[in-house]
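Shared between the two complexes below is chain A, which has chain B as its partner in the first and chain C in the second.
What follows is the complex of A and B.
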């Protein structure tokens, strides 16, 4: 029986590949948007404007303090109630972008604040504009601190993307749900689901570890 | 060149600069000394508005630093500032440290800025360390790169905030020699330092501060031999006794 189911599962592989593609699409788009928004918000969070800092802080707390599943439901089921109609894919990308952005915001802000104050003072004293200070002095140094946890956050977001299956996005997890109804070998089916996530995440985990070691070496050299 | 008129500054309740009046002429070298917490670092950090003042007038190179509307980028481009802790950019080579501001602020061409950078680093005795990163340099070398970084903006004024206080004793000489070289070249300078031998040699005037006040202003020989105030005498005996 087991080998029959395994054979069936192998025949479903193309379906799983569609799920992989969907997961990569949702997570990929969200990470691009989340990185851009996260950097902008992180820079403002570490900036001088107190109101912006407070507003972003509240947003981060709300996003981090509520379950991701609830956030998706709010975006997918509640926003249409006030006239914002979204398909499941868009809702998933918006929700995951929002989640990633809030975490990346904190990572970036922490990195910027870890750059010693004297660096900005030296740049200010030599007449560099705020933008040039950020672009050439502060961000390059902050990136040493930011990169390893940033890549780590990418891994977390890819895994969190499995939650979007709850609103009907046919990602790897959703394909697993469908398949397990036909092939009642839960361990086998979700073993494959897990393996596919792992295959996507593993290179990033390695990259994060590599960056961590490299950045540590650079910090010692500096 | 630099003119303080009735300048006051507070950190919260703490009155750190108390009715400061001081004129520094073009080409003059002024050494500021005093016990720690006397306000001497704050005084020179006000000159390029790293610290804002709350009261009074502070005019630098005919530009009103006390006026919030003044374009400080323009003022700062004319003032080199050397920090106690060097504050070199660790991700850039010595040469890049010296060229970033000329390229971005003075809009100099990269090749011209690099030539100027090389020339200036050579002038401070670092010809063979041009492509080194700060972490590969000794403290004295780092501080000379920091001086070169300031000089590459071709400033009218150089400010030094305890430039040798973070250095090992054997490196103090090389940095002081570099600063002396500038002084003899006619640069307008304000130097916060405890190096009294240096003050005696190059300063036109010594400003002694205590508790946020300027207590004495005198030519170095007068101040060292014959301080007029009790506080000045006490300070001198405390730093000269060891």
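What follows is the complex of A and C.
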């Protein structure tokens, strides 16, 4: 029976590949949007405007304080109620972008604040404008602190993307859920699901570790 | 929809929410205790000299960290029955949550222990302290101070992750929101109330974490 199920599972591999593609699409789009929004918000959070800082702080707290599953349900069920029609895919991308952006915002703000104050003062003394200070002095140095946790956050977002299967996006987890109804071998089916996620996430985890080691070495050299 | 936000229904469902709130609390607390124990065990195995111990721990930690919790949850939920092990849903849920967070706790504890300067251990050796004395009086007190905050951070993640248990039909906070959606078709009321309850837990843990940073973390000795 086991080999029969295994054969069946192998036959549904193309279905799993579609799931992989969907996971990559949802996570990829959200990560691009989340990185852009996160950097903008992070720069503002580390900036001077107190109101903006407080507003972003509250937003980050709300996103961090509630489970991603609840956020997805809120976006998927409540936005249509106020007149914004969404299909499951866009709801998933919006929810995951929002989540990634809030975490990336904190990472970027932390990175910017870790740059010594003297650097900014020296830049002001040299007559650099706000934009040029940020572009040429602060951000390049902040990137050293930002990069390793940023890649780590990418891994977390890819893993969190499995939760969007709850609103019916057919990603790897959902494919597994469908398949297990047909092939009642949970260990085998979700073993394959886990293997597929592993193939996506493990290289990124190692990249994050590598960046961390490299960036630390650079700090010591300086 | 939001202009006729129905507080009466929320009030009517308050006993259910209260019940579910405590269900979330005790499911998380149970998993938290389990996870810290698993984390200590996995960490000491990983740091051990014997490959026979460190390899399995390494495989466990890496495979948990690079696959999503939802896939792990389904793995046990569908996998254990196919092995002939029938458990109540909540046991499966707590089991999956424990194993998941345990891997993260192992990494947190490990980074705390490895952050201790090697000179301190050398000093311990030359003062004639045994391995256990070094651990007890030099390494662990400092490692504890450094890991309190990330541990509480992981506890917040654990509480949020417990929302996924609703997907295997365990009654907890998110499930209450789903019930309100399916019984009354009031997703806005349901999920916003759920989110509010999670925010209460989040702010409590966050306040505790800020307090602990001031009170519990020992100043580094060097």
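As a working rule, the second predicted complex is superposed on the first by the 222 of 222 C-alpha atoms of A that agree within 3 Å, B and C clash if a C-alpha of one lies under 4 Å from a C-alpha of the other, contacts with A are read in each partner's own complex, and residues count from 1 in each chain.
What we mean here is this: contacts are C-beta pairs under 8 Å (C-beta built on N, C-alpha and C of every residue); 3 or more make two chains touch, one makes a residue touch a chain.
Fair warning: this is a prediction, and the values are worked out from it, not measured in the lab.
Participant: If chain A is used to align the two complexes, do chain B and chain C fit next to each other or clash?
Facilitator: Overlaying the two structures gives chain B and chain C room side by side.
Participant: Which holds for A:137: it touches chain B only (first), chain C only (second), both, or neither?
Facilitator: Only chain B is touched by A:137; chain C is not.
Participant: Could you look at A:194 and tell me whether it touches chain B, chain C, both or neither (first, second, both, neither)?
Facilitator: In the superposed model, A:194 contacts chain C only, not chain B.
Participant: Name the contact category of A:125: first (chain B only), second (chain C only), both, or neither.
Facilitator: The first partner, chain B, only.
Participant: After the fit on chain A, how big is the angle at chain A between chain B and chain C, using C-alpha centres and going to the nearest 10 degrees?
Facilitator: 100
Participant: Touch check for A:173: first (chain B), second (chain C), both, or neither?
Facilitator: Once the two structures are laid over each other on A, A:173 reaches chain C alone.
Participant: For A:78, using the defined touch cut-off, is the partner it touches chain B, chain C, both, or neither? Pick first, second, both or neither.
Facilitator: Once the two structures are laid over each other on A, A:78 reaches chain C alone.
Participant: I want to verify the contact counts: of chain B and chain C, which reaches more residues of chain A?
Facilitator: For chain A, the partner with the higher number of touched residues is C.
Participant: In the superposed model, how near does chain B get to chain C, counting Cα atoms only, in Å?
Facilitator: Comparing every C-alpha of chain B with every C-alpha of chain C, the smallest gap is 22 Å.
Participant: In the superposed view, which residues of chain A touch chain B and also chain C?
Facilitator: After superposing on chain A, no chain A residue contacts both chain B and chain C.
Participant: Using the touch definition from the top, list the residues of chain A that touch chain B in their complex.
Facilitator: 116, 118-119, 121-129, 132, 136-137, 140-141, 221-222
Participant: Taking the complex as given, what residues does chain C use to touch chain A?
Facilitator: Those residues of chain C that touch chain A are 1-2, 62-63, 65-72, 74-83, 156, 160-164, 166-167, 174, 177-178, 181, 187-188, 191-192, 194-195, 198-199, 201-203, 206.
Participant: Which stretch or stretches of chain B touch chain A in the complex?
Facilitator: Those in contact with chain A are residues 48, 50, 73-74, 76-77, 79-81, 83, 85, 87-91, 100-101, 104-105, 133-135, 146, 149-150, 153.
Participant: Show me the residue ranges of chain A that touch chain C in the complex, using the header's touch definition.
Facilitator: Checking each residue of chain A against chain C gives 61-62, 64-71, 73-74, 77-78, 81-82, 155, 159-163, 165-166, 172-173, 176-177, 180, 184-187, 189-191, 193-194, 197-198, 201-202, 205.
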